[in-house]
Structures are given as C-alpha cells and as structure tokens.
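Notes for the one structure printed next.
Every chain is named by a letter (A, B, C, D, E and F) in the order it is written, and numbering of its residues begins at 1.
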Amino acid sequence: MKKIEAIIKPFKLDEVKDELNKVGVQGITVSEVKGFGRQKGHTELYRGAEYVVDFLPKVKLEIIVTDDVAEKVVQTIMNTAKTGRIGDGKIFVSNLEDAIRIRTGERGKDAI
Amino acid sequence: MKKIEAIIKPFKLDEVKDELNKVGVQGITVSEVKGFGRQKGHTELYRGAEYVVDFLPKVKLEIIVTDDVAEKVVQTIMNTAKTGRIGDGKIFVSNLEDAIRIRTGERGKDAI
Amino acid sequence: MKKIEAIIKPFKLDEVKDELNKVGVQGITVSEVKGFGRQKGHTELYRGAEYVVDFLPKVKLEIIVTDDVAEKVVQTIMNTAKTGRIGDGKIFVSNLEDAIRIRTGERGKDAI
Amino acid sequence: MILKKYFYVVLILLALTTFGVVGAFAEEAVQQAAQKGPSLDEIVSVNKIALDTIWVLITAFLVFWMNAGFALVESGLCRAKNTVNILAKNFIVFAISSIAFYIIGWGIMFGDGNPFFGIQGLFLLTGADNSPATGDAYKGVYSAINWTGVPLYAKFFFQLVFAGTAATIVSGAVAERIKFISFIIFSFVIVGIIYPITGHWIWGGGWLAKMGMFDFAGSTVVHSIGGWAALAGVIVLGPRIGKYTKDGKVKPIPGHNMSTATLGALILWLGWFGFNPGSTMAADANAIARVALTTNTAAAAATLTATITAWLMLGKPDLSMILNGTLAGLVAITAPCAFVSVPSSLIIGLIAGVIVVLAVVMFDKLLLDDPVGALSVHLINGTFGTFALGLFAEDRFMPGTTGNGLFFGGTKLLIAQITGIIGVGVFTFLISIVAWYIIKAVVGLRVSEEEEIIGLDIGEHGVEAYHIVGGEERI
Amino acid sequence: MILKKYFYVVLILLALTTFGVVGAFAEEAVQQAAQKGPSLDEIVSVNKIALDTIWVLITAFLVFWMNAGFALVESGLCRAKNTVNILAKNFIVFAISSIAFYIIGWGIMFGDGNPFFGIQGLFLLTGADNSPATGDAYKGVYSAINWTGVPLYAKFFFQLVFAGTAATIVSGAVAERIKFISFIIFSFVIVGIIYPITGHWIWGGGWLAKMGMFDFAGSTVVHSIGGWAALAGVIVLGPRIGKYTKDGKVKPIPGHNMSTATLGALILWLGWFGFNPGSTMAADANAIARVALTTNTAAAAATLTATITAWLMLGKPDLSMILNGTLAGLVAITAPCAFVSVPSSLIIGLIAGVIVVLAVVMFDKLLLDDPVGALSVHLINGTFGTFALGLFAEDRFMPGTTGNGLFFGGTKLLIAQITGIIGVGVFTFLISIVAWYIIKAVVGLRVSEEEEIIGLDIGEHGVEAYHIVGGEERI
Amino acid sequence: MILKKYFYVVLILLALTTFGVVGAFAEEAVQQAAQKGPSLDEIVSVNKIALDTIWVLITAFLVFWMNAGFALVESGLCRAKNTVNILAKNFIVFAISSIAFYIIGWGIMFGDGNPFFGIQGLFLLTGADNSPATGDAYKGVYSAINWTGVPLYAKFFFQLVFAGTAATIVSGAVAERIKFISFIIFSFVIVGIIYPITGHWIWGGGWLAKMGMFDFAGSTVVHSIGGWAALAGVIVLGPRIGKYTKDGKVKPIPGHNMSTATLGALILWLGWFGFNPGSTMAADANAIARVALTTNTAAAAATLTATITAWLMLGKPDLSMILNGTLAGLVAITAPCAFVSVPSSLIIGLIAGVIVVLAVVMFDKLLLDDPVGALSVHLINGTFGTFALGLFAEDRFMPGTTGNGLFFGGTKLLIAQITGIIGVGVFTFLISIVAWYIIKAVVGLRVSEEEEIIGLDIGEHGVEAYHIVGGEERI
C-alpha cells in the first residue's frame, strides 16, 4: 500500500475530491496546513508597521491506496490541482506497511 | 521504529489517550482533520439552499513506538476507538528510520 | 528522499524556518498540532471545577529533502528549536519514495 | 417526527393569524386625549405625562436590550456547536413573549379580577381604559396599574419587556439539550400563563400585594419565577451528556466565547438601569436617581465579592464567576432598589456576590446541570433580594409603602416577603413541572443523544455558527 | 493603479478641508433663544422644547446605534476573509454620511425649493432658521420641517442618522466584491444627492408630499431607496465568484459568525425604537407609545412567520431567515407605524415575515447575489410597508393627515402610495445605475478575481480579521 | 506568592465591608423634597428637575456603556491568549471605580476645600447637601457642582461613570503583561485619589478653574489624566516580549478580533453622545443639540482624515487606525464641544485624525509599547482638544464662560488652557510613576516571562477565551 500526501491550494479541494472519487478513491483525510515555498507570502500591515506572512494557507490530503492505483491517484491530483501558477503544491508518495479498519478489524487492502 | 497514525472520532480521543497511556505510550501528537469516507456527511441548509458537507471532523493521532509494542498500540486503539458504527476510522502503520529528542539529542529508541 | 517531521514549540517556528532557509531548504509545510508527552499539561479552572488540559499546542513541520541534506536539516532543527526544557519536541525521519511538483509534473529530486 | 413538528408550527401559525384578524377589528381601547386649545395648566400636565412616558419607553428599550445580553451570556458560556440554537432560542423568545403577552398575558396579570388572576380585559388589550388618567380619575379594567400616569400602550410595552425576561432566564438553564420546538412552546406557556398569574398576585393587586409584600422591580416577579421554571426544566431534562462522571464528579464544559459572554453581561448591567429605575414608571427625579445608584452599587459590590470569593475559594478569579457575581448583585437589588439606602444596597451586593459563587458550586454538587448559572443568579439571588427587602427597607424612601424592614424595626414586611417567596416558589415550580412533563409527553423535550454530541446547530438548524479559521471557508 | 487611488483620496481630503474652512467662517444659522427673566409661560414652553429635544436626540442616538447592527449583520453573514473590509465599510459610511449630509444633503432635502429638490440654505446648514419656532412663527428656509419644535441642530442630527442608514443598506448587498474606494464614493453620492432628492419629494414638501403620500419613518424614504440603489449595485457588480454554478444552481456561502449577526439584528431591533417612535420628533405621549408598540408587534409577528415559513418551506428554522424576518417586519411597519392600529401592525408583520423568506429565494433564482438579504428586507418590505400604509391607515390616529386606507374606506391614500413607490423606485434605480457605471468607468468597481478569492481583508486592508485559534498567534 | 495574593484580596474585602457597614448607618445626605399640594409653579419646576434628571441619568447610562466599548476595543486589538484577562480587567474596573469613587473619590473632587482637593463631605457621600437646589439656594458642601439642578445621587452617578473611564484608559496601554492584582490596585488609586485631585482643580472649583481654564466634558480631566497615568505605566512596565527587535524595529502584533474591536469603537462613539451632550447636566435644548452635533462632526471628520492619512502614509486604510481616528476626534472635541461652532468642530476633527496616526507611529519609534493606541488617542488628543478649546472657543455659545479663543480674538483662555495641560500633566505623570513603582515593589507589576508567552488567560485565570473550532470542543 502507498500513502499519498498532497499539498494543494485550498480552493481546489472540492474539485480534487470529486475527481478522486471518480477514480475510485473511497477515503481521504484532509487537514489545514500552512505552506512555505517558492511562492512568496504576502505583506500585511498593522498600525503602521509591515510584516511578511510567509506561510500561505494550503490543504493537505492523505490518501491510502493499494499499490496498483497509486499512480492513477497521483495523476488525478496532478491534473486537477494544477493551475500552472507557482504554489500549486506537491505530492509525496511513501510506503505503508499496514492499514486497519477500526470498525471491523480488517487489515491491509481490505481496510482501505 | 513504527509510526502509527490513527484517524478516530473526536469524542473518543480522551479515552484512547488514557488507554494508550496505560500500555506505556509516552507521547502522542494529535491534530484536527476532516475525513471523507464511507460515512456520509450531512446536509446543511443556508438561506433556502442545501449543501452537503462531505468532510466530517476527525482526530488524527501520530504515535511513534518501537517495533515490539506497535501491535499492542494498534490493538489498544482498535478496541478503544471502536463504536461499531461506520466512520470509526482507520489505523495506518509505516516504518520510521530515525527519531531524535530535540532537548537532549538522543536518537532512536531512546528518543521516544 | 527523506521526510523529516519535527514537532516543536510554536514560538520557535520563525527562527527554525529562518535557519532552515539558510541551509537551503526551499519548502516547508507546517501544521498546528497538540502534543502529549513528558511535559505535563496545565490545569484549567471553570466555574469551580478543575480539569487538566493534557494537550499542549505544538507546531509540526514536514520537510522533504534529498538524502544528502537530511542530516544537516535535522541538526539545524535540533540546534534552533532547543531550549533545553522539557517539551522541546521530537524529530522523526522516514523514507520517501517519490515527490511530484504539481505545477510542472517534475518528479523526484527536481520536485523538491 | 417531521410531520409532528409541522403539525405544531401550523397550529401556532393558525392561532396567530386568527388572533391577529380578530384583534384587527376589535375596537381599540386607548382613548385619544382631546388636545385642542389647551390651558397652561393642561400643558404642564401634558408635559408631565410626556416626561413620564419617555422615561418609561426609554427604560423599556433598555430592558428590551437585555435580550441581547442574555443571548450572548448564554451562547458564550456554552459550546460552539450549540451556538446557533442558543441564539435562535434567545432571539425568538422575545417575539413569542410579545405575542403571548399581548394575546392573554397582560389581561391575566393586570386585568381586574380575583386575588389569583385577572378576569376583565383579558384578550388583546381590549379592556376599557382611560390612561393616562390616574388614581380616582381612572376608569378602566386595569386598575392595579393605574398609579402611573402614562398611556396604556406605554404601560403594556414596559410590562411586556419584563415578561420577556422571565422566559429568557429559563433558556440558559436548559441550554445545549432542549428541542427548539419544546422551548418555544414552554415560552408561550410561561409568558402567557405562568408569569402573569404570579405577577397578578404581587403587581396585579392580588393576594400577596394585599398582604403587604413588595417587590419593586421583580426579584421575585421576574427572576425567581424564571428561576423556578428553569429549575423544573433542569430536573426534568437531566444534565448534559458528559457533565458529570458516573461517580458524581463534575467535568467542566467551558464556555466557547468569553468575549461575547462578557459583552452580554455588560449589556445586562446596562439594561438593569432600565429595569430598576424604570420601574418607577414615572420620571420622579429623586427616586430614579436613588434607584440608579442603589442598583449600580449592589452590582459593583457583588462583582468584587464574587471575584474575591472565587479567587480565595477556587484559586483563580474565574471570569464567568465575576460575570455571575455582577448579575447576582443586580438580581438581588431588584426588589429592594427603591426602598433601601445606598449603604444598604452596598451590603446587599456584597452578600449576593458571595452567595452566587457558593450556589454555583452547590448546584453542581446536586448534579443539577445549569450551563450558565441561571439558577444561582436568578433563583437564589431573586429569593435573597426579596428577603433582603424585608430586612433593609426604610419607610422614609417611599413613605406609606413598605414600612421598615427588620433591621429598622419592622417585622410585618419580612413575614409578607417570606410568604411571597414560598407561595410563588411552590406554585411556579409545580405548574412548571407539569408543563414540562406535558410537553415531554406530546412533542418530546430532549434532542437525541447523537444530536447532542454532534451539536444542536446541525441537528436543529442545519448550520454551523462559525467559519472563522482562514482556510476553512475555502475547503 | 496605486496612484489613481491616491489621486482620489487627495481630492476628497482637499474638498473636505476646503468646506471645513469655508464653513468655519460662514455665519451660523442657529438663533440663540434669549432667556433672561423668563415668565412661567415661557418656562413651560422651554420645558416642552427641552422635552422634545431630548426625545429627538436620544432616539437619534438609537438610530446611530443601528450602524453597529448593520456592521455586525453584514460581516456575520459574510465570510471571515472579508470581515475587516465589511467592518471598515460599515464604520466609515457613517462618517461619510455625516460630512456629505452636512455639506449638501440636508439642503437638498429640506431647503425650500421646487417640488423636486431644495434650493435655499443648500450648503453647510447655513440657511436662515429660527427653530424651535414652529408653524407660522417659523421664519426660515427649512420650512418643510418646521412642524417640530426643536432646535435646528436637533433636526439636522436626527435626519442625519437616517441618511446614514440608506448608505449602509447598500453596503450589505454589494459585500465581498466591491472595492473599498468605490463604495466610499457611492456613499458620498447617495447621501449627498440621491437620498436627499427623493427625500425632498416626500419629507421635504415635494411633489409626493403634496399628492398626499405618507411615509411616517421611511419605509420608502430610507429603506426602499437604499434597496433600489443596492439592486442597481448588485446588477452592475454581478454575483460573487462561486455563488451560482454555471447551470444557475445556488451554492450557499454560509455566514462566518452567527453570534455577531444575531447581535447585529438585536441592535437593529433596538435601534428601530429610535427610528420609528423618534420620527414623531416630539415627545407626544400617546403617539410615541403607540408607535413603539406597533413597531414591536410587527417585528415579533414577522419573526414568527419567517421562522415558520422557513421551517415548513425549507425544512429547518434557519437563523439567518429568522433574523431577516424580524428586520422585514421592522421595515414594513416603518411607514405605517403611526397611522395604524396595533392589530393592523400584527397583520402587517405576519405578512412581512412570509414575504421576506420568499423574496430571498426569489432573488437567488434570479441570480441576484445579495449576501445578507438586503434587497428582500429593505427593498421588498420597504415597498410592502409603504403599500400597507395605504391599506391599513386609519384617520383617527393622526387626524387630518393620512385619511383612511383602503380597508377602512379610503382610496386616495393608496393611489398616492403606489405613485410614490413607483416614482421613487424608477428614479432611484436609474440614477443609481448611472452612478455605479460612472464609478466603474473611473475607478473600477470590483476587486480582482485573485483578491476576491484570497479575501478583501488582505487585498484592500492588508490585514486579517481573526487570530483566534490557540497556536496561530504563536506561529 | 499565592499567599501574598490572598493577603491583599482579604485586605480589600475587609476594607469594603467595613466601609459598607459604616456607611449603612451614617445618615443619608439627600433631602427628600416635600411634595404635598404643589402649586403650578412648583410642578413646572418639578418637571424641569425631572427633565434634567432623566437627561443626566440616560446620558450617564450611555457613558457606562462605554465600558463595553473599551473592553472590546482593547481585547480585540490584543491577542486571543490574553482575552479573558483583558475582559476581566475592563469588567471589574468599573466595579472598583464605583466603590472607590463612592468611598473617597467624590469627596476629594467635589467637596468644598482648598484649591487642590476637597475636604468636606469626604467619605461616602455623607456631606450636607440640599440638591436639587442650585445657585444661592444651595446649602451644602459640594458647591462646585451646585450649578446643575438635579438630585445629589444623579450628580454622583454621572460623575462616577466619568471616573470609571479614566481607569479604563490605562487598561489598554498596559495590556498583555500586567498582573491582574496590580491593575486592580492601581485602579483603586487612580479613581480614589489621582483622578479626583486633578478633577478638583478643574471641575471642583480648584486653582485651574479659578484661573479660567475650561474643559467641558473632560479632554483633560478624564482623557489626558488617563493617558498620563497610562504613559507612566507603559514606561515602568516596558514593552511586550517580541514587540521590538533588538535594533528597535517594530514587529507588529496584530489584534485577534477586529469584529469586536470595531463593535467596541461604535459603542464608544455612541457612548460619547452621553459623555459630551450629557455634560450639560441639564436638558438645555440648544446646548445639547449643538454639543451632539459638534461631537459627531469631529468624530466623522477625524475618521476620514485618519483613513486618508493611513492610506497615503502607510499604504492601506488600516481598520485599527480608522477606529483610532474616530476616537481621536471624539477625545479632541470633548473639551471644546460646547464652546465651539460646528465648522470649528469639523476642523478640530480633521486635525485630530491626522495627529493620531502620526502619534501611533511616533510612540512605536520611541519603543513605548501601547497595544491599543491609548496614548495616541487619549493623551495626545486629550491635550490637543484642551488646547484647541483655547483656539476655537467663541463666547456667544455660553456667554460669560470661556470668552473667545485665540482665533476669535482672545488670548487669556489659551494661556489658561496651556497652564492646565502642563499642570495636570506634570502632576499626574509623577504621582502615577510613584504609584506604579510602589505597586511594583510590593506585589510586582509584570507577569512572568513564561506566563506572558503562554498567555495571561491561562496564567492569571486558568481558562481560555475561545473554543470555537469545530472539533476542538470534542477533543
């Protein structure tokens, strides 16, 4: 099994979720994160002094899939989340040893 | 070392934490996430129009443990977080290469 | 490639980010987490009854780097985030199989 | 289930429109004062009437404003997931009160009748009335309130905002678990029936008034009544899930927004300057200045002693206790405000602030779950205030009314006060228990366990109160 | 771009200081009443003037307070990322109104002139005036408002807070996408020119007044005008990104803070006790008590029917609809409040509550994106209220003014009302469309797509509204 | 440490009850006006007294309401982690003021005495007094305030709400680092001693009053004094951790809730309609209308120029600067409001709005850390307003009081104003420094570094202000 983590722009979330759904992904875990990268942050202003907000709001998706669909999921995210502008985000793939469904105790592929 | 990630229902957190504590887990990192899965979201209503909220509030636990206790931790989470109803969540296990305690610089098992 | 996850004290974030920047790290993803560990939580009080807040606010950094700079990054975090007091946090290192830059489709090292 | 809901709302809708239409073509009771070619004498008294009327209206506006205070204190001291529900309850309750008190409540409370309730001019303010005529010149069916020389509508409006308060008090105690529709129904019942009956006893010329009981602005008439009804509700409903462990230990459920709770308490403090000084229902310079000062002094004193008590007894100056302290002082001085000296008001406040902290702890010991401290504030201190009037009253302030309290040589008053406390308490508690049980039987009282956990906002209203965090709205 | 911005703010700055300096050395119009050795007779009438003046001022304060209500309702019902912008708009709009109405608006509205606009005493309140003299004793150029015996400054201040309201109404409808500077400019235009012109027609002795149209406190003069200008703005601006799908389906954008929205609605309800009863501009006991009661009754009734309508029609009692319901009832009763009976006000309220819910749904069907329901509340119910006055008015309340409405045997009034509705609507809508397009051409109207997505707070003000979550401020 | 805390709260508790009990049996000073069989003449003057009294009380309520404004502005402009502490400070400060001003403050300020402080009727309002008698008819020990014909309690209550304001001003400047108990103690000192002494100089018939200094509603008496005491506090405390880098650069600490901050500013604006027009302490129609208008005009003008200044100078229209701008205009017009024309008030406002933005930047340059801009608003503009009165005053408004200011041909007034500014400033600053240092020595002034980082809410009160995010309350 693979764990796919994707950092994307927040407003793309709904679209990505819908597309992933279409390619058969049954579960996603999402969290709000702040990203620091090539994309520059913006300057805020308060009572006469400026300060740079480096960290931009991003959304992180974690998706556990079986090895065979991993690439399709990566491609789907890539195509959907892409705006072509800096800050579109990253996808990271790593290996997962085991998965368990708490409700049933199923393990491995069955648990996804 | 193993990294155990568990997505559970928020109201189960305290119980799970207490049980993990009993089996000797010394550290947990928790974050608020939103989950999308078999459990359907709910419909909200605003000014005459409905919309579906797909993402349900979940809590994610990250626990780093030595290989030998990993299975016990998994079992403990499974038993405690289980309600038997859809949406109970998942546990994911992966391999960890190294751990460092910032305060002391200890590495590996000693750092946990 | 390595995935370095660091749990640190929130007020250290800016400093750590600046130092990482200096050693060449180009991207960081940050999230707010709550930590439970050796550091005891504090007691809160409400309407005559006390309760313990076990979970303390921490910040989690995720940094994907190539294998060669991993150790430098770990060292940098360790040196910068250290206050010497309990609760300074942990660094976890694991292996990453692939990385993709959504904007360009670049993969592996180029994507970081 | 859904159908049942519909059924009742339709019933209410029908009732409303019927009454509206009936009322629309009923003759209006207010006599328009003829004003052509007035003599100097008449102008002076028109000035006096106008003066009294603007005082009564402006203070009524302040009391109306207390609805915002109750809404914010209650929602602030409860959890975010129930905020919409709490706000909706507190918002709609005044609308309900306005209609219920108009249809029937006013008539029961102030209509001429027997010692227990009003009988004449019962519905829709349609009894004969020639206000602003007062005293012997008054010819009408609302003679218990003929002492104030303002138009009938000003009297009604002022009394209406008070009636609204009683229902609002209940709201706080039953929060985070009661069904929206059930609360609405109870609000109709309390404002339309329960409150006006006991109100009649004391302010409507009923048996307690005749006995010599006094309650200037409603420590008992408004606050204790709301408190007793709330106590009945708390008992019938039971505590919120998770408030007490199986072995009876308290697991605090902290409020979700202390900014709004504090603002709410400040609104209430402000509103009380309408509640108490306005209850003169006339712009009597000495009286209103004195009442404003006794009210404020008690509030300030109670704030300080509640702070100190919480600090010493519980370890830290808990803000929610400080807020409750102020409210306790205000409730306690409500009955005696016009009859006691400023130093007496200081002492009453000092005591109220201690009592309220102890009461909060006590109710938790008794496993009576009152999320906002409504019982400690309104029931306990409403009772204390009514009692304190029997101790601290001095005849010199409103000669020929209360006579002296115990500390100034009188005993009769205190006995009347105690009788009133007990009489009103027993009646209100029992009738409320009955009302709650009937509602429980017919539409149910408490939301499902699942709804309580997920929050009443999504369950009852299908919406969440806050979308404040940056990324959230983009998700 | 930036330079353009600077250019306009500098222009405004210059204009302001010029007018200020000019004004400073222009003679002041207010005649100081000579007060040496007054007779009893004079004292009585001084009392009467003082009484009327404090009533006018205090109710004006309440209307001023509605600015807070509008700010909170609007920001609460919009998204967190635009909160600073919305608050800034609502905050500054009253400052703008104060200056614009002082410089020119008052003169256009109340200066003696032709049936269409005022001509005399146009600028800076500098026309001759011997208020508080009234009726025939009045010698001055603001004779349309000589019926109230208060000082000129009291009249001005009271009218000013009303003028401010009209601009604020627009704010809600154009929220979350309009440029800050463009809104500022439009506010100057509406308060300085548009509002005073139609205001002159009805309250300034213009053609509609002469025709016999009535609008006691401004259902049309204030609310519909604001509503028409808002409608024009909504059309020119277009909907927020993401509000409607390509196939015309609504994608709700939930408000970010129902606590503040509800508090805002309660503030507005309170403020309306200034708006309507204050519009007597005199402490006439019977009138102000009746107006307070009709106002409250309509609000309460509309609250209940909006709740029921939302519940039955949409499935749940949506809090934002309940709030809109109250406001709808208040807007609807604004024109007729002094001319109708309490039962009539109940019926007007019952209807308003249903209308507003239907209107919200309708505007969404029409793809007119109005984040806060300003059109449904102010335009639709302002129109309904003006119309209802033609149905429910009864001559007995203010003899010799309205005459009877249709339901009480009169027809003339209704025709005048309809004429007023149409006349004001056509004019205000057209002139507003023109104004919006000119602003669009010169400085632009809408923020960039990117700014709209990231939020106007960062885009226009460089700051975020909230840093509430625990760790956030430590990051 | 903990014990030390207890010690002091017990001390306060003891002091309070002692004074309460002592007071309770002291004779009350207010003479009840005999009212049997009044002649027409008497009724007219009773009407006048009642009229003045309701004006004084209602405006006092508005000033009381400013406490909510200060609480929200301060908490909104600070960080979430200190919210409970800030709210608690702002809430309790009025309770403290009420008691401190009652026990001793009023007597020092208004008791007959020497040019520097009052001596007679010092404690608990117990001096002889036959208010509402005025002028020569007045027989009592509070003769400096015998010009207003309202009952003593009305005078006291009105002055009390002003006294409360001074302490509240300090709160904002010392926020986010001061210990709760230390702030409480300083509040007692300022309201009980510091404020009344300088107040006596100007409003209590002291040396500045005799010299011909004027300050209608307290630009100096209330605002500058609060500002000087705050400045002393800021210096003794030092800046918040992290506010300035080692090389003196500013690191902004953004406010956590601009919704509450903006609401707070609107509350203050509303409250000022009590503050200034109420300071007539009589319902004088012309005066109160004019003061309401000058007050509003200055506020509006300052709002606009602060916006423009921030926009041009800093790049964006910073909402916190806009809010500060309004408050600056209000503070600046406070002294001159009754003595200047409306155009003059416009100019004063225009200037104040520019000054405040520059002042905020200047204080940061000086590394004086004032989280909410209290120094820029109250100290700087309080001083400016007092000075402006010396420039813009015109004798025609209140003949026989100020005489003309510099721009209208007088010079005497300006000299008196400058003397007042300097005299009050030097005295208040020095005595405050001493007070702060004594408190520092005895109980400490600043929370520990660790507590400052984690937040005073958990440190001082053991609780957090917000639990707003969905899942949080379920964790």
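Quick notes on this structure:
Note that in this section a residue touches a chain if its C-beta (ideal position, glycine included) is under 8 Å from a C-beta of that chain, and two chains touch if they have at least 3 such contacts.
What you see is a predicted model, and the numbers here were worked out from it, not measured in a lab.
Each step here moves to a touching chain, and the least such steps from chain B to chain E number 1.
Shared contacts of chain A and chain D, meaning chains that touch the two of them, come down to B, C, E, F. At the interface between chain D and chain E, two copies of one sequence, fewer than half of the residue numbers in use are shared by both copies.
Chain pair with the larger contact count among A-E and B-C is B-C, by C-beta pairs in contact.
If you average the CA atoms of chain B and of chain D, the two centres end up 47 Å from each other. If each chain is reduced to the centroid of its CA atoms, chain C and chain E end up 53 Å from each other.
Taking each chain's centre as the average of its CA atoms, chain D and chain F sit 32 Å apart. In chain F, 40, 44, 47, 51, 54, 58, 254-255, 257, 263, 315-316, 318, 320, 453, 461-464, 466, 468-470, 472, 474-475 are the positions where the chain touches two or more neighbouring chains simultaneously. Looking at chain A, residues 11, 30-32, 34, 44-46, 55, 58, 94-95 sit in touch with two or more other chains.
Listing the residues of chain A that touch chain F in their complex gives 44-51.
Considering their complex, residues 3, 17, 26-31, 64, 94-103, 105, 111 of chain C touch chain A. Listing the residues of chain E that touch chain F in their complex gives 5-6, 9-10, 12-13, 16-17, 19-26, 28, 30, 32-33, 40, 43-44, 46-47, 49-54, 57-58, 60-61, 64-65, 67-68, 71-72, 75, 83-84, 87-88, 90-92, 94-99, 102, 124-125, 132, 150-154, 156-157, 160, 180, 257, 260, 263, 460-470, 472-474.
Within the complex formed with chain C, the chain F residues making contact are 453, 458, 461-464, 475. Within the complex formed with chain A, the residues of chain B that make contact are 2, 6-8, 31-38, 54-55, 58, 60, 74, 77-78, 81-95.
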